[in-house]
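See structure below.
In order of appearance the chains are A, B and C, and numbering begins at 1 in each one.
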Amino acid sequence: MKKKTVLLAAGLVLASSAAYAASWTGGDDLPTSPLACDGTPGTVAAKPYDGGVPTNPPDRNGKKITVVDIPKLIGIGYFNATSKGIADAAKELGNVDAKTDGPTKANIDEQITFIDNYVTSGVDGILFAANDPVAIAPVLKKALAAGINVVGYDANSTPDARQWFVNQAEFNGIGKTMIDSLAKEIGEDGSFAIVTSTFTTPNQARWIAEMSAYAEKCHPNLKWLETVEAQEDNVLSFNQATTLINKYGDQLKGIVGMTSVATPASAEAVTQAGQCGKVAVVGLATPNAMKPYVEKDCVKSVVLWNPVDLGYAAAYVLRAAADGTLKPGDTSVKAGKLGELQVVNGSEILLGAPFVFDKANIGQFDF
Amino acid sequence: MTLRSFLRHEAVLGFLLIVVLFLLAQQSDKFFTTANILNQGRLMAEVGLIALPMTFVIITGGIDLSVGSILGLCAILLGVFWHNLGLPLPVAMVLAIVVGGIAGLINGLIITRFKVPPLIATLATLALYRGLAEGISQARSVRGYPDWFFVLGQGEVLGVPTQLWILVIFAIIAAAILGLTTFGRATYAVGANETAARFSGINVDRTKLLIYTGAGLISGLAAVIFVSRVSTTRSDMGTGVELDVITAVVLGGTSIFGGRGTIIGTVVGLILVQALKNGLALSGVKGDGTIVVIGLVLILAILATNLFSRNGDG
Amino acid sequence: MSLDIAAPRRSASTGVFARTIGTYGQEFIILAAIVALFIVVGFIAPRFVSQTNLTSIFSGNAYIAVAAIGMSMVIISGHIDVSVGSLIGVLATIAGTLAVNGYPIWIAWCAPIVVGMVITSLIGALVAYVRIPSIVVTLGMLSILKGGLISLTGGAWITNLPPDFLIAQFRLFGVPSPVWFMLGLTIVAAMFMRYTAFGRSIYAIGGNPEAARVAGIRVERSTVAIFAIHGFFAGIAAILFATQLQVIQSTVPAGLELTVITASVVGGVSILGGTGTVVGSTLAAILFAAIGSSLIFLNVSAYWLRSVQGLLILATVLADMARRRGVK
């Protein structure tokens, strides 16, 4: 039995490493659209509105509305920040009553149940960040059919299941910014590894795919070593990053963190291993978690949009959709202190380009 | 086990359920509507289905922690059989369920042939089956099923969600098997005293094999319904389902030590948990608060039953 | 259930060697597996056995081993605690909150241990005096602790921990403190289980509570005490867990209870109670940590990692079952 087990295990290992050695592990297989190497903005073909429409919504123009925000999961820094942005916007608008509720783990089934219950309880608007674009669609369509205004942020659903989606940054934009920062820090021929949440998380999978495509196009000599999974777990991320450092030794020049949990944990691993300055950490993260490492010069730069702004924009977009001031075919929307935001890709609202935090500016942010 | 102790468990639970339903209906006028109740039936179908064979498993004194992983594996295989291997969807559905049965059979074989305690055996296969789902899927989802397939998870028959019919039919069958057949009596006998059961001529190993295989098959069926409900496959589907299932079963009065329990109890336990989740959400309690309440109810319900039956025994 | 599992010291007539194997067989198997793993993987990827990597494996997972010690005692006494992951999450948050709010460091270290013991004593009391099965109490407790933690903290990270608080990052003779904790506590617990009357009574209660009662053991009181000891270990595990990094996530670490329980049972603790040692559970915790690390060193495709882990657990368990039959 034991022999069989070992043989089977060996077989699995061989089969899988042979078949999937070509592309970066953890990326999805959707088509990629890497940006130009020199920073020329990508050309976006104008697209007609492809979002959904709520069925016979009551006239909500200017009236007080109750809104529920259902992120992928509650209890992590990133969605605490978006939730704060939504609350800020609700306070500023004065006629929005917003609360955040959701599953304690990024689970498609539980998120669907939460939304379903809120549809039944009769809210006016739903804000969501989808754990799975397709799985969430039926329940969102049900919300639209009940006349509820539905707006997504952070992680999209299929377009026809919601009205608008506030996009923090285009996938290819993230891919370019991350790989450019990486190449700058570890050199054009450096080797690096990736720490991600899980391979099934759509946003992370998309970013990895776009990073891979952009690297191939613009930094062909960068050497990807491997991708490891670390959930959204601090200690696991730390252990995984430490193992990578131990495994590759001097060969490893950089670690890319794909989540706001993985990046600070990787920076901690580098610090505790005494590899500051030898192993670069690049990644998505919130400034508060990264301040200690940036101030100690262990991490040069951190890539992120401002999640507080993301939540803030989402709340404004929902209000505009409920008021009827944001209609299919519009090309921009006013979002309070953020000013005019552009409509792209049919029914997406672009928050802006990803922001790079560094030692000079990180002190100005608190989230 | 006497009929009296039977009734005592169900009486306490039934009373609790009525109180809970009454209180929740006071809190929200959306709670006691036909649409909401039917919809809740849809949402609890997968957990409910798996809870049926789990009742058998726990009555034999065993446990099956791998059901959530089997669900994930079967969901992935449904997609792979249909999309990657190009089989007709009905064939893929049947094959996925069969694989669930095989996974359950493997659990059963490890438990009966190698005498590995069920908790350890299914802890190992929990990791193994989930791992196979991840490995086979390579984190890819399969989508784009034909419309007829969604009847199972999103459709209705005679105004009632399809999967609720399935759940009701299976619950009746399970109750009949457990309550009326030799197999049901063998299940209780195995859990009450395995050695005595063996001596009285019951084929203990065969009984257990059938039960674990059944748990696998039903998990496979739940997987098909789940895929139809959410219209995609992911390798992390069903993570943590085992705890929801076990909560419903033990809340329903099935003894974790074996030998005692009923399908009716399990069904009441299921409805109680689902009503709490839904009703508390409708009355404005957040998800984290709901989790706390369910934990408290679980402990208090068993506590009440214990105190009650002890007093009764004098 | 009539799972016939070899009790320790089962027969005086068999030889010393067979007796030792009978008592410590599982430990030997796991130790052999650990040694074999280090040799084989070290041969393929020499860096795997470098001092830094060995330190990381031991120190990064010591908290699991520490928690598994207490869990083993609970399981040996015939009970289980599925809430241990949530408990560690809650206790870690308490420690961190006290530390950043200016309380003396020793209070931040002691509070989780005390609170842990109070919570597990409560569990023990419900199990012993009200006779609710431990899996039911702890399933409920899992929900209560997890939901309560998120309600209270909202999952806000605890940052700016004072450096003096980070005990898991201290070193003694160049070895990180978690390793010392793991070794020290395992030895103390093993001695306790073997040489004290109370330690031996844990086996008696797990083996046959009625017989234990007849033999004069106060089963209820002892059960509460066993759970309290488990809470003590969970408290220490929580401190090691909380002080590994500069931040505390204040959520429940996913799946930690399964890791801890797996370490205990694979370490030879019978889930039916009555047999097993804490040394085995510590070794099993090390084995799993080493397996996790080695799979990365062996370039096992990350997609297949978990199936390989599952197979290895299964192989260990089956090997143990084969051994027990052989000893019989």
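Just so we're on the same page, a residue touches a chain if its C-beta (ideal position, glycine included) is under 8 Å from a C-beta of that chain, and two chains touch if they have at least 3 such contacts.
This one's a predicted model, so the numbers in the text were calculated from it and none came from an experiment.
Viewed as a contact network, the protein chains are fully connected, with every chain touching every other.
The interface with the greater count of contacting C-beta pairs, when B-C is set against A-B, is B-C. Per-chain CA centroids place subunit A at a distance of 35 Å from subunit C.
In terms of their C-alpha centroids, the spacing between subunit B and subunit C amounts to 29 Å.
Distance between chain centres (mean CA atoms), subunit A to subunit B: 34 Å. Counting partner chains per residue, subunit C has residues 146-147, 150, 301, 303-305, 307-308, 311, 314, 318, 322 touching two or more of them.
Residue positions of subunit A touching 2 or more other chains, listed in rising order: 12, 16, 20, 26, 74, 104-105, 199. Across the assembly, subunit B contributes 134-135, 138-139, 286-288, 291 as residues in contact with two or more other chains.
Residues of subunit B touching subunit A in their complex: 28, 30, 35-36, 39, 43, 134-135, 138-141, 143, 154, 226, 229-232, 234-240, 277-278, 281-282, 284, 286-288, 291.
The touching residues of subunit A, when paired with subunit C in their complex, are 1-2, 5-6, 8-9, 12-13, 16-17, 20, 25-26, 74-77, 80, 104-105, 199, 226-229, 231, 233-236, 238-240, 242-244, 246-249, 261, 264-265, 268, 272-273, 288-289, 292.
In the complex of the two chains, the subunit A residues touching subunit B come out as 12, 16, 20, 26, 28-29, 74, 99, 101-105, 107-110, 112-114, 116-118, 120-122, 132, 134-135, 137-138, 198-200, 205.
The touching residues of subunit B, when paired with subunit C in their complex, are 61, 110, 114-117, 119-121, 123-132, 134-135, 138-139, 194-195, 198, 243, 246-247, 250, 255-258, 286-299, 302-303, 306-307. Contacts from subunit C toward subunit A in the complex involve residues 45, 47-48, 50, 52-53, 56, 60-61, 146-147, 150, 153-157, 159, 169, 241, 244-254, 292-293, 296-305, 307-308, 311-312, 314-315, 318-319, 322.
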